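Below are two complexes that have chain A in common, paired first with chain B and then with chain C.
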Partner chain A sequence: MHFGYMVFYYAFTFAPLIILVIFSFNDSARVGLPFKAFTLKWYAEVLSDPTILSAIANSLLVGAVVTLLSTPGGTAAAFVLVRHQSFVGRKAFNTLVLIPMVIPPVIVGISLLTFFHAIGLELSLVTVILAHTLIALPFSLLVMVARLIGFDRSLEEAAMDLGADELTTFLKVTLPLIFPGLLAAAILAFTISFGEVAVAFFTIGYQPTLPVYIFGQVRLPTRLPVLTAVSALALSFSALLVVASEITRRIREKK
Partner chain B sequence: MVIDVELRGVTKRFADIVAVDNVSIQILKGEFFSLLGPSGCGKTTTLRTIAGFEDPSEGEVFISGQSMAGVPPFKRPTNMVFQHLALFPHLSVEENVAFGLKVKRLAKQEIRQRASKFLEIVRLSGLEKRKISQLSGGQQQRVAIARALVTEPTVLLLDEPLGPLDLRLRLEMQEELKRIQREVGTTFVYVTHDQTEALSLSNRVAVMISGRIEQVGTPLEVYEKPRNHSVAEFMGETNMLGGRYLDGAVEIDGLSVRVTSQASKGTDIIFSIRSEKISIGKTLSGPDNVFKGTVRGVTYRGSDSVYDVQLSERIIIKVRSTNLALESIYRVGDEVFVGWDIDKALLISSLR
Partner chain C sequence: MRDKFLQFFRRKVQLRIFSGLSFSLSWFLLFLIVPTAVIFLYSFWRQEYISIIPQFTIDNYAQFLANPIHIPLFLRSLVISAAVTMGSIGLAYPAAYFLAFRVRKYKIPLLLALMGPFWTSYLLIVYAWKIILGYDGILNSLLLNLRLVEQPADLLLYSPFAVIITLIHIWSPWLVFPLYASLEKMDKSLLEAAMDLGATPTQAFLRVTLPLTWPGLVVAVLFVFIPTVGEFVTPALVGGPQGYMYGNLIENYFHLGFNWPLGSSLAFIMLAVVMVMTLLLLRAVGPDKVMESL
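What follows is the complex of A and B.
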């Protein structure tokens, strides 16, 4: 019974992805059945197309910077929320920090576009980074809040009791114990930024990120096979990221 | 006699709750000192004040004669064995024990030597590389004790560390604690709600009730000579009887109970008599006070039984009796005699 459900679940979630990967190897200018012959030419085209390569580079850069900003940012906010039970405006803070999660991306995009115009900031990768950090922050926050709520503070007291000052306690006890949470928050932030198209669409300058580029090309039928190849690459990259983090986690746990 | 820890008029308030109320105690060097009291009496807060995790609202803590005001926990010569142990889950047994030495930046060789010495004291040699989660409850206790002792603190603070263990393991760890304390000679301040534990482990016991220290003394003193009503009531299973004193006896609900008392005629007094000081039998002669009663309740506990014996309409007393033979185990409804000598009853001077 549960085996059948598992098969159904996997099929439902993974079938479209598998089909995308299959067609990226199809030697046909038209995406669809029948499968004519195996080819790597779409991949070769991706690798020789400078605009695609620069879009990938832009996405990686934006994703990395967003990760570096939102992980510590969200963590700091999570510490404030979990550890400081009472301060003026705490309840409001509690709710307000999560609001960006529920605003439709299109509205976030338009409001940011208006805002950047208003303060005279020219659209570029910098504005995309700011926009994506805004989107990723509440997610990093939520992941870290979950981690910190389960954190036994007597462990920190024990460290201090044994002679460790605040900094040593943080480095030797707190940090190693929240590390799995940090890793999860970082990967989540990167993936959110790497796949985000709506807000990026409004805040991008002349250098598109990969999703914005794909979004722009998808209406040209001749470009579709190349897009399947680049999408398959992006997909493998994201999957690799998740697998790598899971392996790191398991190794740490075994240690 | 050297005083290791001294609390002078320590009060700790949380919002409008007084957790610790004007506590003054002196704990001697090398002593096994217990803070005994019911849950929520402020004993853990007192311990945390000594460790530096709480600042007293009033009063001061001295360790080895030095005021601890403003001294953070990591600069105090105290270490604590936490209630839930607080062992570092990401470190091995050896790394847990070595933690305090590492942050003190001792040489690697010395860290290793000292850690292995203390692992030997707590009898965990050979388990150095284990993870904490691979240890049994008793072994985890031992790691926590070794970790706290390895830096050779002036005072070891223990916050009900044996709470989560089952009875047999508790008894075993109690013996171990005594042995370890004898071996290292460190001053132990032990917090517990378990009387038996406090009485059997300690050199001296402080009975703490609702934030106040009610009595400090040897186990024998606090049990046999409770200073007031609260201590008498908290310690052991006790019967509180009260009435008007007249000519060497107290009139209680129609019974005339003989007592030794310096009370003057006509005053109301309360006295306490512990359940195990009362004799029970089908026939009974000898004790100064002997009353006839009916068994209303029986709690059979293997080695002994506790009976609720009704002596008069309003008086039911608890009697504990060793189960010497099957014939001396009574049942509900049995007619029995109970009795005690007058010197077994304790006059509680302070009337409530």
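What follows is the complex of A and C.
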């Protein structure tokens, strides 16, 4: 029985994504059956469409900056949470971490839109970066908490006993040890930002990120084949990132 | 002397704690708490044409009650979210259960594979469902080619059903992880004990396994039900008029309808409802437990 259920469950989970990829190669102006012929022309169209390319560039830029902000920020907080089991406000801080993860994105979106408007900050990729850092931060933090729980502090103590100061210990002992974890947290933060649409939709200016662009174009039937191709590209990119993240985990385990 | 040293040391620890948390804390305060306070304030103001008049009024909240579409839409969103939550748990629980207890080969690759959809942009998943379920979509073209239908069926897309199935698809792989973690941690001798004492497998499941996986289930409710109540992207793509949700209403007041104070009050009402739910759930399990089971 369990075998049948697992087959059903994995088929349900992956079929839509596989279908999306298959039909991105269909030589038809309509995304559907019959599957006429294999073509790469929708991909060629993606590569020659300057609006899609700039949307991709915007997403990469936003994702990169968000990663650079949320990874160190989340890591610093994770160190505190793992190494100081009790301090005033720990519970309140934990709750604060969970809020952005569960709150409906529409609320984050409209409140940031209103807030940016109230302080006179014009909407642009900068406001999307500010918003996405809020969303990615709890995830980076939790990944680092999970990685730091198993951290062997005796290595740090040994370095300190041998005369290294805090900074040297951190750079020469702690950082190399937590590096795979940092990489995993960074990849997750990037992925979250790269795929996020709901909050970006409210905080974006005139330059769309890729998901916001797709969301805006999806009502136009003539655009569907190209959007399917660019979606398949984005999917493969995420799949690559999962594999990369998994490799960093393996590296850590070997050590 | 010793006291002074201790005092200094304590201060230094607090300083270390504070500096470690400072980035996250300031980000959460500045971009989460303050903006929420701002929309709370706006929800008591009113809008005339394109200017917002900072004059206290509870008119927006009165409109929530008076407008005949607001409350039904809110209720519909709650019903859709409940269906999505139950559907995702219903699909993910057996998968997590089998992975924890039955599957022996390829356990880790199977678990890791489920991270795929979780890492995928959720817009892309909605988009995939749109091209599958659409009027001109793959399912309809299949039915037409097989001559099962004469005309493209419009049942599947643009309905609450399409919203529910899409959201279940998005959330259920996500849930396998916390559920698997709590099942895996479970002390299996408890099950043997229950069986020895004459419990049927169903009884053992209901009275031993299910209560022990309670934190995982709370995570499910917290992370699926609550964000889904405010969903607007999925209904916009696959929902149609019948699948239109409360989140679309709020979105509409901020864009086309252009009434920020009213939109803010609607958002705040939803926020209040989900906040009360979250606090009750967190009180039942504790934030530390929830974070552990993530």
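A few remarks follow.
The rule we apply is simple: the second predicted complex is superposed on the first by the 231 of 255 C-alpha atoms of A that agree within 3 Å, B and C clash if a C-alpha of one lies under 4 Å from a C-alpha of the other, contacts with A are read in each partner's own complex, and residues count from 1 in each chain.
Here is the rule we go by: a residue touches a chain if its C-beta (ideal position, glycine included) is under 8 Å from a C-beta of that chain, and two chains touch if they have at least 3 such contacts.
Keep in mind the model is a prediction, meaning the values are calculated, not measured.
By the touch criterion defined above, A:164 lies against chain B but remains apart from chain C after alignment on the C-alpha atoms of chain A. In the superposition on chain A, contact of A:154 is made with chain B only, not with chain C. The partner of chain A that touches more of its residues, comparing chain B with chain C, is C. In the superposition on chain A, A:176 makes contact with chain B only, not with chain C. Of the two partner chains, chain C is the only one touched by A:97; chain B is not. Contacts of A:23 after superposition on the shared chain: chain C is touched, whereas chain B is not. Counting contacts as defined above, no chain A residue meets chain B in one complex and chain C in the other. Across the complex, chain A meets chain C through its residues 2, 5-6, 9-10, 12-14, 16-17, 19-20, 23, 30-34, 72-74, 76-77, 79-80, 84, 87, 91, 93-108, 110-115, 118, 130-131, 133-134, 137, 141-142, 145, 191, 194-198, 201-202, 211, 214-215, 218, 221, 224, 227-228, 231, 234-235, 238-239, 241-242, 246. On the side of chain A, the complex with chain B involves touching residues 152, 154-155, 157-165, 168, 172-173, 176-177, 255. Those residues of chain C that touch chain A in the shared complex are 13-14, 16-17, 19-25, 27-28, 31-32, 34-36, 38-39, 42, 91, 94-95, 98-99, 102-103, 110, 112-117, 119-125, 127-132, 134, 136-138, 140-142, 144-145, 169, 172-173, 222-223, 226-233, 236-237, 247, 250-251, 254, 260, 263-264, 267, 270-271, 274, 278, 282, 287-288, 290-291, 294. Partner chain A is touched in their complex by these residues of chain B: 51, 53, 72-75, 78-80, 82-84, 86-90, 99-100, 103-104, 147-148, 151.
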